[in-house]
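To keep things simple, chains are lettered A, B, C and D as they appear, and every chain counts its residues starting from 1.
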Amino acid sequence: MATTTMSMLETYPKSINLDRAKLAAAIDALISCSEACTACADACLSEDMVADLTKCIRTNLDCADVCGAAARVLSRHTGYDANLSRSLLEACITACRTCADECAQHADMHEHCRICASACRACGQACRELLAAMN
Amino acid sequence: MATTTMSMLETYPKSINLDRAKLAAAIDALISCSEACTACADACLSEDMVADLTKCIRTNLDCADVCGAAARVLSRHTGYDANLSRSLLEACITACRTCADECAQHADMHEHCRICASACRACGQACRELLAAMN
Amino acid sequence: MATTTMSMLETYPKSINLDRAKLAAAIDALISCSEACTACADACLSEDMVADLTKCIRTNLDCADVCGAAARVLSRHTGYDANLSRSLLEACITACRTCADECAQHADMHEHCRICASACRACGQACRELLAAMN
Amino acid sequence: MATTTMSMLETYPKSINLDRAKLAAAIDALISCSEACTACADACLSEDMVADLTKCIRTNLDCADVCGAAARVLSRHTGYDANLSRSLLEACITACRTCADECAQHADMHEHCRICASACRACGQACRELLAAMN
């Protein structure tokens, strides 16, 4: 999929006080992670051993919600205030680490957990890089 | 509106390691704040002086997204992990303070900003009380 | 919980071409239903018999997403276009009927499913009444 | 951005009664459209002529919410019920057409509106193709 994230950043009419490449990478990673987590929660729900995957499902749902909200906030630049972006990136880093660790425990048995853990790790890394560039 | 938030907490089949009254108050305040912010963004958009309210609209949209995501996460108790709840409550407190301060600047001219500022302050307070009870 | 839904409708600066009482009732019912469904999905996830509740969880998650999105759309009045409101109300009526029927099958065993079914039926009814008033 | 949408569909443990290529295309188009609309709303908000773009902003916000919710619902396959998917695809088609038409009116002056109109048209098309394959 080719998202329009970078094109939209480039056509924003005022200045953006952030590294655009890192910002676009974080937004795209958040969107991709949110989608992977939504799908992984549902795939876990359809596994015969669903009773062993309830914590994984919950963690997936949380990570999808937090990363989805963060992608929206980071896509806005009007009246920018760094405090909320920082605080939300911290929450995403926590959600992604928790979800990656949980999914990784089932990665040998469930390919969807392996893919989702990888999307969470990539997202956490992109959030950390953006956060580092903001300070 | 009578939400079912407390009834749902009371019928959750396992234990909840949080003060249920404070948890229900926070969830309801987050939901109410998210709705007020969504409506305030749209009301600002319809004001003749919209050009002076663009930061307010952006702040409203952010606060609606963050509080909406937090209400969902706090409504889940399966495989509870305090770290994400804490981190997300911090983000909500930041979003609510920023939005309340911004809306308060327009409260004399726009009644919707006055109501929204009040919903944000109430939500920030409910989040701080839950966070204090978690530590 | 006292939402500010009606107060926000009353302070919207331009005219609203809809019955405000029915509109506020629908928005509040959608918000309450979305919250009940999010909590019911999690409560089902923590039941020992979760393997028998996977369809219920999925239906809950869908209903929460659709009703949450509809509450936001109906809270906006700027540049109003009836077509999307109608189409989205139809989707909510479908989601609420499906979720109410599914939860009702477990209402004898799980009190959270009984409460959630009731919230879904109330929401479906509020959506039908608003839709009827729009035509 | 490489989403994991198709990989997640391929690792879902049960059968999916839909054309997987069309389903993945629709999910990715919905996600991309939702992101473009969120960014376009904010870019419009920062234009000097924001007062002439209020309907565009509102339409963008609606389209972002509806397409975001639909992407989540279509990413779930457990206990599949075609009725909600159909109803939601219809709502997305309406939202995308309205938003594309509105953005197209500003495409000559605002490059972000041109890109967003294009994302909305592509999404509407992907939704129509999936809907046609479902009937």
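Everything that follows uses one rule, which is that contacts are C-beta pairs under 8 Å (C-beta built on N, C-alpha and C of every residue); 3 or more make two chains touch, one makes a residue touch a chain.
Since we're looking at a predicted model, the values are computed, not measured.
A count of C-beta contacts for the chain pairs A-C and A-D puts A-D on top. The chain with its C-alpha centre at the largest distance from the centre of chain C is A. Remark: chain A and chain D have CA centroids separated by 19 Å (rounded to whole angstrom).
Inter-chain centre distance (chain A to chain C, centres taken as mean C-alpha positions): 27 Å. Touching of two or more other chains is recorded for residues 42, 45-46, 48, 54, 57-58, 61, 68, 72, 76, 78 of chain C.
Chain A makes touch with chain D in their complex at residues 1-5, 7-9, 11-14, 27-28, 31-32, 35-36, 38-40, 42-43, 45-48, 64, 68, 71-72, 75-78, 110-112, 115-116, 119. Residues 41-42, 45-46, 48, 50-51, 54, 57-58, 61 of chain A are the ones touching chain C in the complex. Interface of chain C with chain D (complex): residues 54-59, 61-62, 65-66, 68-69, 72-73, 76, 78-79, 81, 83-84, 87-88, 90-91, 94-95, 98, 102.
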